[in-house]
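In what follows, a single structure is set out as structure tokens and then discussed.
Note that the chains take the letters A, B and C in the order they are written out, and that residue 1 is the start of every chain.
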Amino acid sequence: MQHLIDIASLNSASVLQLFSRTDSLRRQMPPQPLAGTAMVNLFYEASTRTRVALELAGRRLGMDVINVQSQSSSATKGESLIDTFHNLCAMGIRLFCLRHPQVGAPHQLAEVAPDGVHIINAGDGVHAHPTQALLDAYTLREALGEVSGKTIVIAGDLRHSRVARSNIALLNMLGAAEIRLASPEAMKIRPLPPGNLVEFDDLDSAMPGADAVMMLRIQKERISELEIPHGDAYYRQWGLNEKRLALAGADCKVLHPGPVNRGVEIASSVLDGPQSLVLQQVRFGVYVRMAVMLEMLSAQSPSNQEC
Amino acid sequence: MQHLIDIASLNSASVLQLFSRTDSLRRQMPPQPLAGTAMVNLFYEASTRTRVALELAGRRLGMDVINVQSQSSSATKGESLIDTFHNLCAMGIRLFCLRHPQVGAPHQLAEVAPDGVHIINAGDGVHAHPTQALLDAYTLREALGEVSGKTIVIAGDLRHSRVARSNIALLNMLGAAEIRLASPEAMKIRPLPPGNLVEFDDLDSAMPGADAVMMLRIQKERISELEIPHGDAYYRQWGLNEKRLALAGADCKVLHPGPVNRGVEIASSVLDGPQSLVLQQVRFGVYVRMAVMLEMLSAQSPSNQEC
Amino acid sequence: MQHLIDIASLNSASVLQLFSRTDSLRRQMPPQPLAGTAMVNLFYEASTRTRVALELAGRRLGMDVINVQSQSSSATKGESLIDTFHNLCAMGIRLFCLRHPQVGAPHQLAEVAPDGVHIINAGDGVHAHPTQALLDAYTLREALGEVSGKTIVIAGDLRHSRVARSNIALLNMLGAAEIRLASPEAMKIRPLPPGNLVEFDDLDSAMPGADAVMMLRIQKERISELEIPHGDAYYRQWGLNEKRLALAGADCKVLHPGPVNRGVEIASSVLDGPQSLVLQQVRFGVYVRMAVMLEMLSAQSPSNQEC
């Protein structure tokens, strides 16, 4: 695996190999296998959880992790992303974790990346966030035994969610029986991606028989004019509360990629309740990203040799 | 010591133990005793000195130190502090150094912290800044032999100063004979905390017999409407100049938690003069924080094992 | 070498020694020779390339590198640069890489720096950027065999360029035959520094016989009222395109300190073409800075001992 741009970078065998590596990392941490390798977190959007998880994953593997955030970067002097990338490559950086508001930005970098330089897409516009989908699927597998044959609801602001798109692709690849997409009209994904997808116009109807439900945050920063019910009205119609969750039963698991808006898309009692896997997702997210990094980089010589 | 939220987290025996550990660290640095442990500097207010001192302390002990600052964090997406904290805990972070504008924020985290996760309050509103008080007391002990029985003046903007509140509590715990509080009416602490406190309406009267004087910065960012003398007038009445310092004598030590506004609360000649311990405070501050971190974390297994 | 403030901190022997050290570092990286030493990147201006290159150089040598950027620093509380510096020194920081908008800021720090504390000027206003000049000269030496006897064109916004000033001084020190300065009237350097300088009012006339040409970015952030041709007009008159480069011949090398504005001061085809050394500059920049750091710090005891 040279890059991880979207789920199309993977196949089911490579995903299972990543999950197996993740299992090993949880059992025993290797002593700094990537020491001497340099990684950059190149973030053009605000982030805490993803940036910290990637930084921590990189450091635990022994890498030198350098943060570059757009606010204080040469982007303000007019340099293009590609030129910034080439410059950082020239310095010997071997791994780039890129978050960017533009769809396709990590793909652009991958196209011009030299041998031995790797890109992890940490979220590009509404397109993809593949490490989030990997950690979600890993979490589901831990909780449900396997993803294959399961029925998963994804609900809320699907249209503006790169997480939803990556999850649909990955759950499909792993053999989910049915992926149910529940959202208001203004938040439906268009065009609809391929897969065993069923759309729902309300959340209640989507719940019965679900093995897990993934709730999504309203991406306020991506919606200019809101054509959706506001505040309490949204929560009444689309929020996952205990009563709604009960429609799926006590074994149905609850996921959320975070950050969570309590009382908007999900009730606190559900988020903090026994069916929630939300903190498991975060916990496994560090290990899954370490597995991806090792997969990409462990066969290589360290970057502190001249290239 | 699981957390250090305010001076009430300590007693005089635990303080002396910390000071003894600080002494040892100054004599000999152990080789990375906390390697494999991850710490976050979670700062919701601007800071250089405290943030860098904590980062340096953590790194010298071998920790992976990750900075999270509010400007570029998920706080901008509406996530609560508690949820951010739970997420970072789930990633395996073992130590949180929190600076927050709201009184009680670190206490909130401590209430929900899992076993093995520690909080250091790096300043919460006007409430407390306990590591600053510890380094101040350590510096006084180095200079004066002991704190017990000494007379200490704290002068300036007491009302808005978390440093003042933590110092009053700690100096009292360590047996200071008298703590003199000198400030304009609008800057007096209300309600007055317990202790051997004597209030003064001018600085000149507070100086005779003082073993040390701690000057405080006017917390301009916390004062909306200034009911105090402005600029030169403040300096004339409340600034520590050489003449005023002479009222206490040549053995009286001068402290300031920084950042300093020269010519406002203190004369440059005093700040840079032979009685000033200001840079000693900063120097000892790194060691004192290392001692706190070791006290909290050294008995634990490293965080790169799954929790 | 205690500090590197501008080219006057060096002589030709010390430059050749740095270059020889750079050669060694490229051949073989020593295992963390500066472990236990702490360095601060103290940046009061936006930067990606220089900040990352310095951070990477420091980390590869094993240092603890701490970033301090003005936006979130105590500068906003009114502390002076000198006081910030003294505080960081007191914490045991041994190396400061300072970028500051004011000419002379690093010199101010050097004047008050304690023994064993070192300053690298990472750019001060329009004055100097000596590590950039060193990496430029190293790159030229790699490409041309030596700098001595060569003819170098420096073109574009000379007036606002600290890079130009440092390059003029260093190329002159290393025995360049002729340094040609080509720029519009409003961008000429005044007063003209000493050296074998020849000024040109157009770029075409400066090209014939040149061994290398260094293009400069228009420092928009330093020009309030632009007395220069705008946009396309600037590019037509002053942009380095293939036709212009051909006036110097196929052996003429092209340099640019970055960030580059493609289609303003340089054509993409030239920047990405076979005569361009721009990414070589960036690549060598990490090694040159490591050489400077080793030169300054390798004879010292590590900073995690009390000073």
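We adopt the following convention: a contact is a pair of C-beta atoms (placed from the backbone, for glycine too) under 8 Å apart; a residue touches a chain by one contact, two chains touch by 3 or more.
Worth saying up front: this structure is predicted, and the values here are computed from it rather than measured.
Judged by the touch criterion defined above, the protein chains are all mutually in contact, each touching every other. Where the sister copies chain A and chain B meet, the same residue numbers recur on both sides for under half of the interface positions. The two copies, chain B and chain C, are related by a rotation of 120°, based on C-alpha atoms and rounded to the nearest 5. If each chain is reduced to the centroid of its CA atoms, chain A and chain B end up 39 Å from each other. Shared contact sites, meaning residues of chain C that touch two or more other chains, fall at 71.
On the side of chain C, the complex with chain A involves touching residues 26-27, 29, 43, 46-49, 52-53, 55-56, 59-60, 69, 71, 217, 220-221, 258-262, 279-280, 282-283, 285-287.
Chain C contributes residues 36, 38, 40, 64, 66, 68, 71-80, 83-84, 86-93, 304-307 to its touches with chain B in the complex.
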